[in-house]
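Heads up, the next two complexes both have subunit A, just with different partners, subunit B and then subunit C.
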Partner chain A sequence: MSANISGRRVADIERAPDSSVTTAPVRTASPVVGPPPRRRLRQTLEAYALLTPSLLGFVLFLVAPIIGVVVISFFDWNLMGSPRFVGLANYREMTGDSEVWRSVRNTLYYVALNIPAQTVLALLLALAMNRGLRGGKVLRVLFVLPWMAMPVALGIIWSWAFDPEHGAVNQFLSLLGVSGPEWLSSTTWAMPVLASINVWQYTGYTMLFLLAGLQAIPESLYEAADIDGVTGLQRFFRITLPLLRPSMLFVLVTNVIGSFQMFDTVYVMTQGGPNGSTDTMNFHIYQQAFQLFRTGYASALAMLLFALILLVTAVQFLYFRKRTVYDFS
Partner chain B sequence: MRTHRTIATAFGRTGLYVVLIAGALLSIGPYLMILNASFKRPQDLLTTDAWAPARHATFDNFTAVWNQYGMSSFLLHTLLVSVAVTLGQVVFSAMGAYAFARLEFPGRDLLFWGYIATMMVPQMITLVPLFLMMRELGLVDTFAGLILPTVFGTPYGIFLVRQHFRTIPSDLEAAARIDGASTWTILVRIMLPLSKPILATLATITFINTWNNLIWPLIITNSDRTKVITVGIAALQGQHVSDLPHIVLAGAALALLPLIAVFLMFQRHIVRSIALTGLK
Partner chain C sequence: MSARSRRVLALAATSTLVLGLTAACGSSGSDSAGGKVTLRYGIWDAVQKPALQKSIDAFEKAHPNITVKIELNAWAQYWSKLQTQMAGRTAPDVFWDHVGYFPQFAKQGVLTDLSPYIKADKVDLSVYDPKLTAGWKQGDKQYGLPKDWDTIEQVYNKTMLKTAGLTQDDLSGLTWNPDDGGTFVKALQKLTVDKSGKHPNESGFDSKNVKQYGLALASPNGQTDWWDFATQNGCKLQDKAWGKWTINQPSCVEAIQFVQDLRLKYHVAVPAAVTNTPNGAALPAVLARKQAAVVWDGSWDLSAYQTSLKGNFGVALLPSGPAGQGTVYNGLSNALYAGSKHPKEAWELVKWLGSEQSEKIITAAGTVWPSIPTLNKDFVAYWEKQGVDVSAFSKGAEGTTIGYPLTTSSATYNVKVLDPFNQVWLGQQTPKKAADTVNTESNAAITD
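And then the complex of A and B:
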């Protein structure tokens, strides 16, 4: 019985995602408006009792480490001896470290290769899926399957597929009369290969969000457009794309943050090579911290990564805020 | 005119299907290739095409990787860690989410935005201090060290469940309160039964993320006593990808199968609920 009820509720939400349930501000949640003082105290105690485990984890394993990394970034420390305060020395060293800037360039390059391709493909896929095709549900599941792939386990298949001689990719290219490059041992191609693996993994997942966004656009808008004689491409650019902006913002922000932290594929497939061409920031920090044991320096690099992510995220929010229409009615 | 149009639409539709099915094959192709190749005999592996079906199918690769390369214990460790983290996250996230969704207490909004803000913090930032903390506690190379950082729930989990709790009408609770039900009773008897899909989603996502996690196990463990499957396969691949590819392939297949099973079991809920979190 209860399973039935909950199933129906989710279906309702799916159909009407712009209703107040998901947009309501934090304030409206209380079942009773202005509880009497005794009740209020009880609610506070109960709330903190319920929150105790998650607060414990939040403070100990998230907030404390975030503060910790800031502090450690001002120290010189190899994990063994005692830490030595060095002020801004780690940050100064960072500015002159060409390997660090290479890792920044590599990371930005990876994001630039990966995000546009993934977003455009996901959008096209979502548009196709939104036409209510027969078998759409099965296709949807198949498209999302790569999302849960363990990059380590798939590494062997990718290394294999991109093998210069026996690999499926070059065999296919040779059918077209093209002789493919030595993908993973080429400084030009190694990064695009890693980016395309990520596109493979996350396009279907991204499509899910965009599809939900598409389904939230009221049909009446398209009907009105039809009456005004608005053609297909105009419909897309004047109605669909503007109203998809909230979903687009969410997808871009979360995917960009994820891409900045890329680690697994580099670790298992290239170890940052060839010649440092796939040495991303996350991998570089890992090496500095846990292979070279330069804890203080790695912490300063982590701060750099955080600053970059904040900057890019802020830019996206500002860009979308100017242009987003939130009110659907 | 009209028939022209119908024919054009029919062509368009067929073309669309061709593209979509090709895309779907590309999505699952790598999985199928791993599965297929892991059944091939070593001598067939490099002499046959990657997409050619295993003609002399054999289980030898699986038995070898299971018995000789420690895969059984890696899988067991991974299962233990993933189940523990998943259970903890579901229970503690539901508790926390209820407080944020339904109770009024000082500091609620501030705390909630604090949770949301940390969702943006890259994981790498926390790893160095987390490692030092675990070292001070003597938890390096222990299961506790593997489990502790995520078992109490994540801001994402709390956010996901809270969003769902807020869609449940509060009159149900009000009625129960009049009947004298406690907060705990309301949470367990009313909220949780109405939230099975979202809890299944959180459980699946957590299980998959924990199962796939490479970087934290890489940092916090250093022996076979606690080695999980991601680290095991990465090591196997580093050592044997050229001389024993069939072993590495069988290991990869064993690591992926439980994930695929869990995903397919809960895919209906996940496909719905993932999209739900994106709509704000």
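And then the complex of A and C:
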């Protein structure tokens, strides 16, 4: 994959909200001087025919379920019996449910542990890779490997690694003369353990995007900076970081959303314990829906998660909007 | 037709086809073409699948028009998946049912009442242990045929027991009490050794560096640990069948306290950080790697011990508590889904699975104790051949037993019990507080 191309692709994705997505294919298909009406109609039809499969998939597997969740959130439904309309009762219950607010706090804590560490590490790795290290391509693949592995399998392997007596982590620590804690049984350590596994898993993936961004920055800018006598850290903070913003925005938005939705590691490693310390929103929603079979209440919680993600994403976009340039020429 | 419009047509046709296919996947997987019927059979235990497949093969031979597909989903996902399938009306035609979930299912009308079929085909229910048949009954409706039974006993590592100078009879005759632990704790002290070879009742014993423990306990709900101690202490879990939970009664709390003491006061049981669900080590592995000499487990797990210990294990009775002996007695059934498109064929399968011929096939493979008591000897014979005396399970079943609690709030109990009790075993919460919390939350979820 050419890094330059992927750099542009990232920029395209971000530009999408400003331009109209649906008209794009039609626009590129039509020449500047419009064809005769009959041909244009046929072209439009053809475009829609091409769009139909993906549109149907989109509606069937995304729009319809989302509407379903909104509707179910006003019902009391255990999946087997018939749903009973309860109005806003699920939302009212939510406001007074301390377990829900604990899950919100846990999720925010997880995001706070996860995102800065992952982003900084990925950026450092990308900067190192961008120097064109020998064997860099092999390293790049190695860093991305954890992302390609199955999260559930990873969770099981990490559970073994963090076993207090037979686990690799504490055995290693004991070599250094440190007696490691009971990681997953400790309300203090369980969440940081989950976050560090996630950082390990996704840093390589994040690095790929940042590396693509770095390679899209024109060399000429650095040459101009050299002439102006800009060096070292200033180069990084004045040129690299600002011009990396398109990639940063993409990486932060997708990673923050991903972190808010974290589920598999909790499911495999802690089931929300110990003492609720890793009960994240997504796990709590799962538990309400598929272990306690309170589908209506779980749907209301899903709406809360959606609102939170929407809010955080909007803030991110607002922050980056004024500070991002996409055109480096 | 121009090339272009042909392309458009082809595209439209393809998308319709794709849609049609997805729609077909969405509807029930059962199909019948030319009188051929495919039944789906839902189970959760991989260990039992090979023997079950043998029985299914025999069934298919006798019913050439029926094909049976076993659908295996591990216990942790089984109920979520089943209930979701019921919402989509696509549950398996026949599936394993558990006492913990049966009441809610019966209430929701997702199970077929088998009594008309039983009557029409003159099926003799008296071959089954009456306790089991009754467990799947509500009023005069029979919601499943008994599949098996199980009890909890002590599984031990033969080598480790021998090294400590103990025998199976010694282990089977122990007693415990909440004051000094009784002979049960004394035996476990013998089996617990620290790095320098000292036992917990000796001075200088280092509880932070234990090489091997006497006992390992693990259970996500209590069935294989504190429920049994509770029964031996006169605790009933419920005030009556279908009644309220009573796990915060003094006799129950005392038993929970004793389980905590085994770990934190006597230091004879593997620490909770190692055994707590969900990241805890599997008991057969704990026994095989000599982390503990004795574990408490259900008879359904025997094959797992055989895999990891190859006959180097035995089964002893649970100890007696202040109220005498006691173990949890439970069993599964084969249920017929009310939404099955082929109820007649599905009934044939249920009837076959509950028949003596089928249970003989399964029992002869040593997977589970049969629901037909006259076949118990086949199960014993299988394990004798492996060098394991499993009679403790049946002796336990003949003594004082407690059934799996009958309540509509099992799902809630199962979710709510995990975290607080894990905390109790770690010493982070008092037994009384955990019992109070779980009791209140579980009772609040009872529906009638």
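Here, the second predicted complex is superposed on the first by the 297 of 329 C-alpha atoms of A that agree within 3 Å, B and C clash if a C-alpha of one lies under 4 Å from a C-alpha of the other, contacts with A are read in each partner's own complex, and residues count from 1 in each chain.
Following the convention adopted for this analysis, contacts are C-beta pairs under 8 Å (C-beta built on N, C-alpha and C of every residue); 3 or more make two chains touch, one makes a residue touch a chain.
Small disclaimer: the values here were computed from a predicted structure and weren't measured.
> Once chain A of both complexes is superposed, is A:L62 in touch with subunit B (first), subunit C (second), both, or neither?
It touches subunit B, and subunit C stays clear.
> Looking at the overlay, what does A:F263 touch: subunit B (first), subunit C (second), both, or neither?
After superposition on chain A, A:F263 lies in contact with subunit B alone.
> First (subunit B), second (subunit C), both or neither: which does A:L154 touch?
In the superposition, A:L154 contacts subunit B only.
> Give one of first, second, both or neither to describe whether A:P164 is in contact with subunit B, with subunit C, with both, or with none.
second
> Between subunit B and subunit C, which one contacts more residues of subunit A in the superposed model?
Partner with more touched residues of subunit A: B.
> On the A-aligned overlay, A:F290 touches which partner chain: subunit B = first, subunit C = second, or both, or neither?
A:F290 contacts both subunit B and subunit C.
> Check whether A:G273 is in contact with subunit B, with subunit C, with both or with neither, and answer first, second, both or neither.
Once the two structures are laid over each other on A, A:G273 reaches subunit C alone.
> What is the contact status of A:W200 with respect to subunit B (first) and subunit C (second): first, second, both, or neither?
The answer is first: A:W200 touches subunit B but not subunit C.
> Answer with first, second, both or neither: which of subunit B and subunit C does A:P192 touch in the superposed model?
neither
> Which parts of subunit A are touched by subunit B and by subunit C alike?
Shared contact residues on subunit A: 46, 50, 53, 56, 60, 79, 159, 166, 268, 290, 295.
> Which part of subunit A faces subunit B closely enough to touch in the complex?
Contacts found on subunit A: 2-3, 5-7, 9-10, 13-14, 17-18, 21-24, 26, 29-32, 35, 40, 43-44, 46-48, 50-51, 53-58, 60-66, 68-69, 72, 79, 125, 128-129, 131, 133, 139-146, 148-161, 166, 168, 171, 200, 204-205, 208-209, 211-213, 216, 246-247, 250-251, 257, 260-261, 263-264, 267-268, 282, 285-286, 289-290, 295, 298-299, 302-303, 305-306, 309-310, 313.
> Under the definition above, what is the set of subunit B residues touching subunit A in their complex?
Touch list, subunit B to subunit A: 13, 16-17, 19-21, 23-24, 26-28, 30-31, 33-34, 46, 49-51, 88, 91-93, 95-96, 98-106, 108-109, 111-112, 114-115, 118, 120-133, 148-155, 158, 163, 166-168, 170, 173-174, 177, 183, 187, 193-198, 208, 211-212, 214-215, 218-219, 230, 233-234, 237, 241, 245, 248-249, 251-253, 255-256, 259-260, 263-264, 267, 269-276, 278-280.
> Which bits of subunit C are touching subunit A when the two form their complex?
Subunit C reaches subunit A through residues 4-5, 7-8, 11-12, 14-15, 18-19, 22, 79-80, 83-84, 86-87, 104-105, 108, 110, 271-274, 276-279, 281, 289, 291, 411-412, 414-415, 418-419, 422-423, 426, 428-429, 445.
> Quick check: in the complex, which residue numbers of subunit A touch subunit C?
Interface residues on the subunit A side: 42, 45-46, 49-50, 52-53, 56, 60, 78-81, 159, 162-166, 182, 184-185, 187, 268-276, 287, 290-293, 295.
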